[in-house]
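Per-chain numbering from 1; labels A, B, C and D assigned in written order.
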Amino acid sequence: MRNLWLIPALPFLGFLANGIFGRKFPKGVVNAIAILSVVASFAKVLVVFLSVPDLAATPVHEHYFTWIKSGAFSVGWDFAVDKLTMIMLMIVTGIGSLIHIYATGYMAREEGYYRFFAYMNLFMFFMLDLVLAANYLILFVGWEGVGLCSYLLIGFYFVKKSATTAGNKAFIVNRIGDFGFSLAMFLIVVNFGTLDFTQVFSAAPGKPVGTLTAIALLLLLGACGKSAQIPLYVWLPDAMEGPTPVSALIHAATMVTAGVYMCTRSAAIFTHAPVAMETVAIIGLATAVFAATIGLAQNDIKKVFAYSTVSQLGYMFLGVGVGAFSAGIWHLMTHAFFKALLFLGAGSVIHACHGEQDMRHMGGLKKYAPWTCLTLACASLAISGFPFTSGYFSKDAILSAAYGYAPWMYWVGVVTAGMTAFYVWRAFWMTFMGEYKGHGHPHESPPSMLAPLVVLAVLSLGGGYFFNVPKILDSMFPIAEGAENMNLTYISVVFGLIGIALSYYMYVMNKELPERIAASFGGLYNLIYNKYFVDEIYDATVVNPMIIGSTTVLWHGVDQGVIDGIVNGVGTESKSIGGLLKQLQSGNIRSYATWVVLGAVALLIVMGVTAMGFAAGVGQ
Amino acid sequence: MDIFFFLVFAAIALISAVNVVLQRHPIASALSLIGVMGSIAVLYLLLGAEFIAMAQIIVYAGAVMVLFIFVIMLLNAGAEVRRGRSWTSQLLGIPALLAFVGLIVLFVQRGFADAGYVKFGNFTGGSAQSVGLALFTSYLLPFEVTSVLILVAILGTIVLARKEMD
Amino acid sequence: MPEALQALNNGVPIAWYLILSAVLFALGVAGFLFRRNIITVFMCIELMLNAVNLSFVAFSNQHKLVSGQIFTFFVMVVAAAEAAVGLAIILTVFKNRQTLNIDEINSLKN
Amino acid sequence: MVFVIITLIKLALIAFILLTVLAYLQWVERKVIAHVQVRMGPSRVGPHGLLQPLADVIKLITKEGVMPPHVNSFFYLLAPFLAVFMALISISVIPFGTQLTIGPYTTMMQLTDVNVGILVILAISSMGVYGIALAGWSSNNKYALLGGLRSSAQMISYELPMSLAIASPLLIAGTLSLREIVNSQAGYNFGILPKWLIFAGPFPQIFSFIIFMISAFAETNRIPFDLPEAENELVAGFHVEYSSMTFAAFFMAEYANMVTVCSIATLLFLGGWHPLWPAAYGSNFVAPLILFVAGAVCIYHGLNPARPLDRYTLPAFGIIFFGLAGVMLVPFLVPILMPLFWFLAKCGFLLFVFVWIRATLPRFRYDQLMGFAWKGLFPAALLNLLITGFLVALAS
């Protein structure tokens, strides 16, 4: 018994403490509770890691109590730790701790300080539950929980209409995905009779491919919702309404990768459903390109990184789809490093510019915020796959695997990598180079914010090299050999460098070029700038018809017509009957009582008539 | 022995009950009612329900009736006036009651003629232990519900009292 | 009648308890019907409850089961709660209209 | 038949002793308070006023019983009867000691051993309100009515903490029969610390003991809770209108209640008749020793007297004490007398505490009294019960 339950329980305690009494606490106490609870659970993770010599040989599995039991089917509250889980735990708790520390600095002057940290801790709890889960239902609990927390945190500034609507959007879009997920679970229960991972995966090979494909596709739908893949990615960019630490923790590092994790976890199912794998790969690739193109033309710094998140998630799905699960997880980890860093850096920039998010009003920050500049540079290098940074390793692992699967995928991926490098560096140049075009005096952020930046910078530079996930996960997902083709690596690196150079050329050397390009390719530019009008399309095709239908049919037709009609009819009827009955009511209690007694007597007589036989029978 | 005790206390109970109905002063009725409850408690003892008997005394005689007397004193309620308007009850009441009692006696005579005899000590299931066991195992939910009921009653009383205060 | 005496010797028939409780109940009803003082009426309700309890305990003795006593217990609890609330109501009523005569407390009429 | 006779004998014995004790309790109280207040106290009637109770009784009997006009004489006379009846009846289930064997006959030192004894006590004490309430109501006097209302409210309120405080030792003892409760407290931890319920168990019942004693003060309408008979506000409360024997009845009821609650406290918390330390360490010689010392002191003061009469009275007492000490040492009497002695010693100590408190503390204000009951004692008792139950559940 290694008491895995402690890992999620600690943040939950923090949530309870801050959520219930936080209003009373001074900020220091809130900080202490929030950070300590997460750091403690990180420490617990380390303890587990060190105490288990070989996770591959002996995965820890703990059963706490049976949650649901009906007939042969039973779901227990089980936690399990294998290498995959361990990596996820490390990422979640480690980066979670860093971001909590960062948030104490970033949120220092916000309203509802305690509320923020309560939600963050609650999120940590659900995320850890999701990662530790040993069966689909427990995973689903965490899955829904993180959705709830992301909703709460996106809508954190609930006085802002946009924030609340963004929160609702995220929640509703996720509902679609969760719907798929629950259907998948039903299918699993029907076909496997259990939700327990080990049993399901051991039984998976024997099942018909059609079932597995259906399950896998439904799971994929869920993953698309949570991990913002086409067609359900629309919520993620809007989710940037939330505070930046939230964007970093939930919408970059951990929660949005839950889909990838889930697909990897369900590898046993996916690998036996090639069609599903194909779909995953294509969706991932499409998302990657799509989001990258949108990212090219965004001016809100957080929006840029949001779209880059979407496209990087696309990469991960590509990796999963082409069967390089470990590569996907690797990229998940490195992406967690550098994207968290990007967001935190963006937060620091926004902090420096007094809440300004539009890059056109920034610039020249490198002399005001040198540390931020430096760390962001590291992150940008990493994301654009600069040699020997973390992104370089993971992205190449995916791309080479993709090449082994289908060359065209590789090429598209490489181009996307170039675009990624371009827009990330564009953001970098626009922010840090040139003259400061904003208002007020920009300033460097407090050390409590810089320290996590530095740590993450180190990780995003060296992370990929030090944590070679494919080797770690070799026991679970054997590396597809033969794909070690250095030329592919060179090509992708070259594309990345081209992107960087191009952005430097366009946004530092001669700045009027972008406008001209935008002008010349007006139509295309507008298309990209307006994110392909996807939101509008969804509104036109899905949302509005639904609203109209429910107003006309359900509201006016069913509700007012039928239900109200029935209710009113009953009301009038009873009124008229009561009019008859009220003659009996003399308003005198004792006469009522008399009637009651008479009724009793009548009842007794009836009883007597019916039961005399019985009575006689007993009598003898 | 049993028969003797039963007759004595049944007689006390009946006389006191009649007294409850006939006495025109509330205090007198209340005291007679205490008499009824006390004798019923003794009958419980004869029936082997010692815990319930004690609870009867503590709850009814010790708490409920004290409340009654308390209220009677507080309102300083005098003997009631001879005025009534309820002809239904006056006319129908007595025959209805007589019919009621008659029928029940008939049925009981018929149905429970050989339902067995009550002898002191031949049923010892009424000890506090067994009652408690039954209460906290098979009747746990009703028990909790009654606690909620009592809570509600307390709240209601407080609200009424406050309204009555201002 | 020696055998009758013999019968008496081996205890009290359950039926007697039941009849006693029926009569007590009827007396309670009578009080409810013929008394005007609201407190007395309330006491008569308590009397009825007691009568019913008696038959419950008698049944529990007949079947040698404790359940009947549990039922009595619950009835007692309910009666206690009812007494508290009812008396509070009576106090309020008296405060508002200085009477305890139930025939004069008829705001619900018409 | 033998059983009936023995019971009757016990009944007579207990009644006689109890009434005497009640009478003399009041003498003791006056004496103690007097000495606390550096007075002599009753000293005229008999040596050291020892015959004072007798004189009081005679006085009360011979006084004229006045019945105020316009009272309902039935209730007016019923009230004191109820009070004293309820007060005296509860002694019948209290065990004083282990069993007593005379020749072929063996009997418990107790009138009746009911196996729901403690519930009986609770029931009777809850009935005790009626006497007072009825007295207050029926004597047709505002002060009396106020006193009656107050006392009934007070007794109802303090019954809850009392019952809760009683409940927690019952949890540990696991029985409702007083005798078995006492037996469950036999024995010693580490051979020296007695297993009384205020020491022993998974959770020492010291708190519930304190709560019990406080609410006992309130139940018996003693200072600091003697609101019903607050002389200076409601001349004498519920018994303002009562004169001769009826007044004596209330008086007796109060003292009888004191005795009852003290013996209950002794049985529930102080281990009944179990000595403070094992007989192996000579607890049997405490009583003789005390008596011997008392006798010696008496002799000494008799030899050089402070007052003229002491020359004769104190040596007499000294002789009596020596005699008693001797009796206590008789081997075959020891197993009978020692439990009795310890029980009486504990009861006497608690009674002394009652008197002591009366001589020491002022009176509460009425709202303070109620607030204390509902906001202070009741939650405390509830908490204590919860903790006890939890620990008992853990321990079992």
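The definition used in the following text is that a contact is a pair of C-beta atoms (placed from the backbone, for glycine too) under 8 Å apart; a residue touches a chain by one contact, two chains touch by 3 or more.
Here the structure is a predicted model, which means the values were calculated and not measured.
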A-C compared against B-C, more contacting pairs: B-C
Approximate Å spacing (C-alpha centroids) for the pair subunit C, subunit D: 37
Interchain centroid distance [CA atoms averaged], subunit A/subunit C, Å: 64
Inter-chain centre distance, subunit A versus subunit D - centres from mean C-alpha coordinates, in Å: 72
Mean-CA-position distance for subunit C and subunit B (Å): 4
Interface hub residues of subunit A, defined as touching at least two other chains: 586, 588, 590, 593-594, 597
Subunit B residues counted as touching two or more neighbouring chains: 51, 55, 63, 67, 72, 74, 85-86, 89, 93, 97, 100, 104, 112-113
Touching pairs among all chains present in the structure: A-B, A-C, B-C, B-D
Subunit B-touching residues of subunit A, taken from the complex the two chains share: 586, 588, 590-591, 593-595, 597-598, 600-601, 604-605, 607-608, 611-612, 614-616, 618-619
In the complex, subunit C residues that touch subunit A: 29, 32-34, 41, 102-103, 106, 108-110
Subunit A-facing residues of subunit B, complex: 85-89, 92-93, 96-97, 99-100, 103-104, 106-107, 110-114
Complex contacts: residues of subunit C adjacent to subunit B: 7-20, 22-24, 26-31, 33-37, 39-40, 42-44, 46-47, 50, 53-54, 57-58, 60-62, 64-67, 69-70, 72-74, 76-85, 87-92, 94-95, 100-101, 103
Interface residues, subunit B side, partner subunit C - complex: 2-3, 6, 10, 13-14, 17-18, 20-21, 26, 29-30, 33, 36-37, 40, 43-44, 46-49, 51-52, 55-56, 59-60, 63-64, 67-68, 71-72, 74-75, 77, 80-81, 83-86, 89-90, 93-94, 97, 100-101, 104-105, 108-109, 112-113, 115-120, 122-123, 125-126, 130-131, 134-135, 139, 142, 146, 149-150, 152-154, 156-157, 160-161, 163-164
